[in-house]
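By letter and in written order, the chains are A, B, C, D and E; residue numbering begins at 1 in each of them.
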Amino acid sequence: EPLTLDFWSVDQDGQYAYGMAKAYEAAHPDIKVNVRRVQFPDMVNDLARAAMTGNVPDISYVDNPDVALLASRGALSDLTGMIAADKTIDMESFYPGPRGAASVNGKVYAVPRGANTLALFYNADMFKAHGLDPDHPPQTWDEFYAAAKTLTDPAKNVYGLAFSAANSEEGTFQFLPWVQMAGGNYDHINTPGAVEALQFWQKLIDEKVASPDTLVRGQYDSTGTFNAGNAAMVVSGPWELPRMSRDAKFDWRVALLPVKTAGGPRASALGEGTNVIPTKAKHPKEAFAMISFMNARMPTVWNDFGFLPASKVDVPDPKWPAAYKVFATALEDAKVRGPSPDWVKISKPIQTAVQAALTHQTDAKTALDTAQAQIDRVLKK
Amino acid sequence: MQITLDGLQKHYGTYHALKSIDLAVPAGQFVALVGPSGCGKSTLLRTIAGLEAISAGTLRIAGEDVTRRPPRQRDVAMVFQSYALYPHMTVAENMGYALKLRRLNRTDIARRTQVAAATLGLEALLGRYPRELSGGQRQRVAMGRAIVRDPKVFLFDEPLSNLDAALRVHMRGELRDLHDRLAATSVYVTHDQIEAMTMADHVVVMRAGRIEQQGRPLDLYDRPASRFVAGFIGSPAMNILPGTVDPSGRAARLDGAEGPLLSLPMLLEPGRPVLLGLRPEHLRLSQEGGARFDGVVDHIESTGSTTFVKLKVASQAMVMTLARRLDVTLGDPMQIGFDPADLHIFDRESEASLVTQRDAPPRAGRA
Amino acid sequence: MRLSVFDTFRDGRGLDALLVLLTLVYLIVFGLAPILYTVLMSLQQVDMFTLGDFSRPFVGFANYVDVLTRPEAGMVARHTLVFVALSVACQLVLGFALALFFQQDFPGAGIMRGLFLAAWIMPGLVVGGIWRWMLAGDNGVVNSLLAVTHLHPTKIFWMSDPATSLYAVTIANIWLGIPFNMLLLSVGLAAIPKDLYEAAQLDGAGPVERFRSITLPMMRATLGALVSLSVIFTLQQFDLFAGMTQGGPSNSSNVAQFWSWQLSFQTYDIAGGSTIAVLMIAVVIGVATLYVRSTRHEQIG
Amino acid sequence: MKRYLLTAIGIGITGAYLFPLYWMYATALKDDAEIVQYPPTLVPQRPFWNVGEVFFGRHMPSYLWNSLVVAVGVTALVIVLGTGCAYVLGRARGRWVDALLFFVLMMQVLPSSLVVTPLFVGFNLAGLLGTPRLAVILAQTAKALPFYVVICRASFAGVPRDLEEAALVDGHSRLAAFFHIAVPLARNGILVAAVLVFLQSFGEYVFARSMISDDGLQTATVGLSAFLGPNTSDWHGIMTYSAIYVTPILIIFVLLQRRIVAGLTAGAIK
Amino acid sequence: MQITLDGLQKHYGTYHALKSIDLAVPAGQFVALVGPSGCGKSTLLRTIAGLEAISAGTLRIAGEDVTRRPPRQRDVAMVFQSYALYPHMTVAENMGYALKLRRLNRTDIARRTQVAAATLGLEALLGRYPRELSGGQRQRVAMGRAIVRDPKVFLFDEPLSNLDAALRVHMRGELRDLHDRLAATSVYVTHDQIEAMTMADHVVVMRAGRIEQQGRPLDLYDRPASRFVAGFIGSPAMNILPGTVDPSGRAARLDGAEGPLLSLPMLLEPGRPVLLGLRPEHLRLSQEGGARFDGVVDHIESTGSTTFVKLKVASQAMVMTLARRLDVTLGDPMQIGFDPADLHIFDRESEASLVTQRDAPPRAGRA
């Protein structure tokens, strides 16, 4: 009778985990893979609760910033040894971002399953209509602001820009690259550059270049407004490509995020997650074999599931080749959030600070100082 | 305040509860409304109060058409048959509620409540809730609620039915006094003959949603227009026996084997089937003179002051009331006398009285 | 003669005891235990990963100190108060108005009343989503209707303006609570004997006065139950915050229950979350006490 | 005439109130672009309706069945356990009753999301997680029971005591008088409370999500969350799904309203 | 079934509603329970039925101690003063309910319900709900609920108070027949003197939670043990006037200016303050012989058959009942006669009767 591997993921039918499971079962008739869907925000809770009762899966998806947390609490198997013995997984082949997310204190607890990052989508038709050159999307923050300002057309309910500053991890995800470009990071969130980055966002909202609802909209809904023609540009990721090509009835294009000043450092966010084996998994060996199998199929994730490959592999005949090139470039500078076992406690003050400043409850500097104080407390512990 | 009802009708779904009621109650009158259970008395009161939508007809109070006026614009006080006490208010609050709504000040309310409570013997219960009262106490609170006000119109729906005799006599006097003092117009539903006869200026007899007869109390007693009214007014009810006018036309023979011949106070067509009515209290024992017939004692009951003798007369049952004890054995024969002027005669078919046109019999001074 | 054991459960005090115990035992096992566990956790150092083992260090009231000294604590308390007071009051008033309206006899009254159940059927996630769309600043239908009717031509950014975000959630919550209030009040209204209104009318009471002095006191049992349950439900409302504002922008619409959830399940600080829950229990104790006291003045048949 | 005017007003009020419900249907018929369009379209311009795809593609029959099992189980259990208690608390008075009432109300105090963790631990120890739907029923019953008791208590308090006394004299035991007189006379409250409990349990989310791991036993509201991914939220799908979920229940309640809600006015007790 | 109450007490909170009731009702007896409103009649019935917990004392039915038995084990049928009809059942269902509980089959239930409904005149209303009935109809349904059964014990709490006279007379007969036919034991609360006197074998007079006197109806009428019972039994109530025994000891003078001298049927100490009682129906107009005194007509009421004359005698008020009309004007002087044997005398202090020991006066045959 076939051995059953329990595989928890956040995917929906037809996405990564299901596709991989089908492929793996086809290749290994003696194995059955039972995929269970877990809500994205619940994954850590469920894994922790499962660890408590012992009903853990054999393989699970874990979001990048959560690996450190779970690993530090002993919930994840140390894969260092198995990877060393394995022929297909080479940690060095991963981009620095994904690689950083997978290891804690030099030990590897996770294998990246793919990656995504942020870039700037823009509506080339609107660029033309407003006399902007669609072949030269904005390169710096100033150009970016100017373009957004030009593109904003309240009479037609069009904002120049859409992005997300929601009170959730998405807000941190979108904000950190701008801080990093200005010379700051999550652990130095109140540097002058970071304050400037936040003030730049403030300006976008204050001047109604981006909708005030940016504060409550996730990336998906923000991009929806872009697709509907209510925003001329949107900061978002490759996961939107299928929907955009279906819904956006205009010439849309992708560009790298603008940098603060010409020649300044680039930065982008690292998204997507990893596959892990929980500590109490019943079939760790078989589980690792499947992880290895999945890793081997990294070149197909772009076309099959809309992920960027997390490692430097050749993607043969990529869909949306132009977009692929931009995102692959962006990924080079994508930085992992953390890693820190207390990432959520770092991320929360950042979200709050961003929102407090954008709604002018405090000024940018004070907001970020407050956040920094809270982050310091967490990091010192 | 005069109350005038014109062609009033009331339907409950398909049930026709009031069938064209015409009634005029002059201002200041005290009207008793009597009739068998279910004939529509409460319904009539409720339409006057404005609690039931009227299906047809008009209602005027003091000349004004109030058919569509809400109850509270009619200035009517009513004692409900079901009491309808406010369960969440004490006795005092129940009684003072109407006054409170009239914005009387606290001391006035307390004073008037106190007075009414004293009248009703409720002083000790003012702080109780209705659920802590006996049946009669509840009824008194219901009454108290009406009498603390001084409304234009009083409507009483059997307000004394649960009170003992002494209290009832007392309340009769109080109610009538109140009525006179306020010069109010009162409509009073009762099943108590004594109440109807002694309190009211005018009695209305209802039957199945219609007014059967109305008039001064003693007129109804003396000259009931129909067998129904004759049987309804007076207690025990009038003895009504089928008979046939004999060939002379001056007497009638009771139906049944060897029915006795009763002389009639008037001339009727011979052979006409009639109903002969004799009130129990108009029957006498073996008296010389006057009309007379034989009966057999069937049953005897005494209330102490009054004795009810049930008789068999030519196989028909009759009741006789005597104002004293009687020492007879069941089965004893008895000779019964009566004054022919007390005989009521009704058409067998229409049941209408055949003697209503005659004058009131000269009854007074017959002691 | 005493009642036999069997008879006491049919006729005597035993019946009362039996009926009460059914509920009581169940609630002690499945209701009280988790509450005590929560209180325990608020006194310990716990997070997501130490939930299962009981040998956790006790920290006394450190969690309380920690939670209460956080910068957002005061704000959250204030928001919770506004949210609960406003929600309960409006639900009650609107629910009462609707119950009175549908109490009248007109064609279709029953069907329409049935339709009000819709809000109770819809999953919380969907309700949150719908209100989010309807109150959206740029493309929400509410703003669009306000603009079309010239009530408020400029757009209101309901959820992203800190001045309105709490009210946006409150509006949605009031919508959600209306059927509950309306239905239970309808039941209470139907149980009031008609003749009391008749007596009051004759006593000269107008509609307002009748409502005040008959309807309200006669509904005491229902109102007590309703208000206390409404307060508790409102204190547990979670979906709308999750669906509409996530407590934002920057906590301007954060309330105790959402904050407690955020601490417990977003930052895995179970101790903090439990602490807030225990503080909320204290509020409910007050509500429950008021309710129990109010039942002393009820009319019992 | 006045009655029809009232009907018209009633339709107006109901319409306004149900607008969010309409918005759900409208959104279900719109594509993603139309959903965010401004000004919003009151009537979907390019309606498309993928009921079948959502219904079968999302395993709705099995989800709905499981929701029904949970809701029926909870409602039955709550009625069995709670009605008697509500009756006693509505009849008796005194310090004990106050204490009980207080206790019962307090059991309602914690949101499901907080009690689920201790219950999960306890149920795991007791082996109840092996029968996850039963576990959900037990947990949700604890949540709904206080609510039910408090609501029904108010109805029982309104039943005149002398009716029960009449039943005792007619030959009922107190237990039988409770069943045959008190319960029928308090039925409006019981019915409404039971309906609310049923609907609440049908839509239960937190317990089902945590305690049921087998997708074949999962309930409908949890199935709904499948439309929300880490980077996607398929509003069109969510609304379609919930339209499918809401419509039949709504139809049933409108059809049954004669017995459920309209009976309210007919049943005046006194 | 014999009912025995021993030292029965009942407290409602602090209110002492029944203060040690001792009563033995032999099997098959029909007992009338009378007393002023609020004296505890309903409470007593309810304790017999088992609806009130007894604070002290024991209750035996058929010799068995049932103090702690639930109502259904007592086989008692009761008509509630408040009716207590099941609002969710039709008239027929209300009446048949007790039978259904006894597992009678459907046709039996229908038959017995039908019979009771016919007795009560409710045939047309069997399908109605209580809220669609008039007050008297509801009361009849309440009665129907009791009489469809054949219990060991009947408890009636003012079952006829809302019925019209004719129906009441009819029901009196029916109830007494039913009682006899079933050989049941009945306890009957009523405010109606006629009911108490004519239906009951035994009358119990209650006052403020105690039994004041009990006995055969006419005994109570003839020999009231106290002023209270004297005033309570008989309607209108006995005239009770303060007086003082004159020096002869054979007569008493009414208090007040020029009070007349009434001869006493017995010898009393001279100067003793007493209360003199004379029933209105024992007073006569200006009759030669017997005792006699003068009065002035104050007010006259007539019910048709009976005339109530209110008199002023030495500034005290008296009522006289005459079994006919009277044609006098107010203010007319009148000479009043009475039979000294009808005079009741009570101690002014204790209000106890001073003549109870004497034999029943030979009243019969005085016609």
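General observations
To be clear about the criterion, a contact is a pair of C-beta atoms (placed from the backbone, for glycine too) under 8 Å apart; a residue touches a chain by one contact, two chains touch by 3 or more.
Treat the numbers as computed from the prediction; the structure is a model and nothing was measured.
The chains touching chain B as well as chain D are C, E. The most distant chain from chain B is A, comparing centres defined as mean Cα coordinates. Ranked by the number of C-beta pairs in contact, the top chain pair here is C-D.
Distance between chain A and chain D, defined via averaged C-alpha coordinates, is recorded as 39 Å. Per-chain Cα centroids separate chain A from chain B by 94 Å.
We define each chain's centre as the mean of its Cα atoms; on that basis chain B and chain E are separated by 22 Å. Chain A and chain C have Cα centroids lying 37 Å from one another. Residue numbers of chain D whose C-beta contacts span two or more other chains: 35-39, 117, 121, 160, 173-174, 176, 225, 228, 267-270.
Looking at chain B, residues 82 sit in touch with two or more other chains. Residue numbers of chain C whose C-beta contacts span two or more other chains: 10-12, 51-52, 138-139, 193, 195, 265, 299.
Every residue of chain C that touches chain A in the complex is listed here, in rising order: 48-49, 51-52, 71-72, 132, 136-139, 157, 159-162, 165, 244-252, 262, 265-269.
The part of chain C that touches chain B in the complex is made up of residues 193, 195-196, 198-206, 209, 213-214, 217-218, 220, 297, 299. The part of chain D that touches chain C in the complex is made up of residues 3-4, 6-7, 9-11, 13-14, 17-21, 23-24, 27, 35-40, 42, 80-82, 84-85, 87-93, 98, 100-115, 117-119, 121-122, 138-139, 141-142, 145-147, 149-151, 153-155, 157-161, 173-176, 178, 188-189, 192-193, 195-196, 199-200, 202-203, 205, 220-221, 224-225, 228, 235, 238-239, 242, 245-246, 249-250, 253-254, 256-258, 260-262, 264-265, 267-270. In the complex of the two chains, the chain A residues touching chain D come out as 10-13, 15, 36-37, 39-40, 42, 46, 49, 52-53, 55, 63, 116, 157, 218-221, 224-225, 227-230, 237, 239-240, 243, 247, 249, 271.
Residues of chain D touching chain E in their complex: 160, 162-163, 165-174, 176, 181, 184-185, 267-270.
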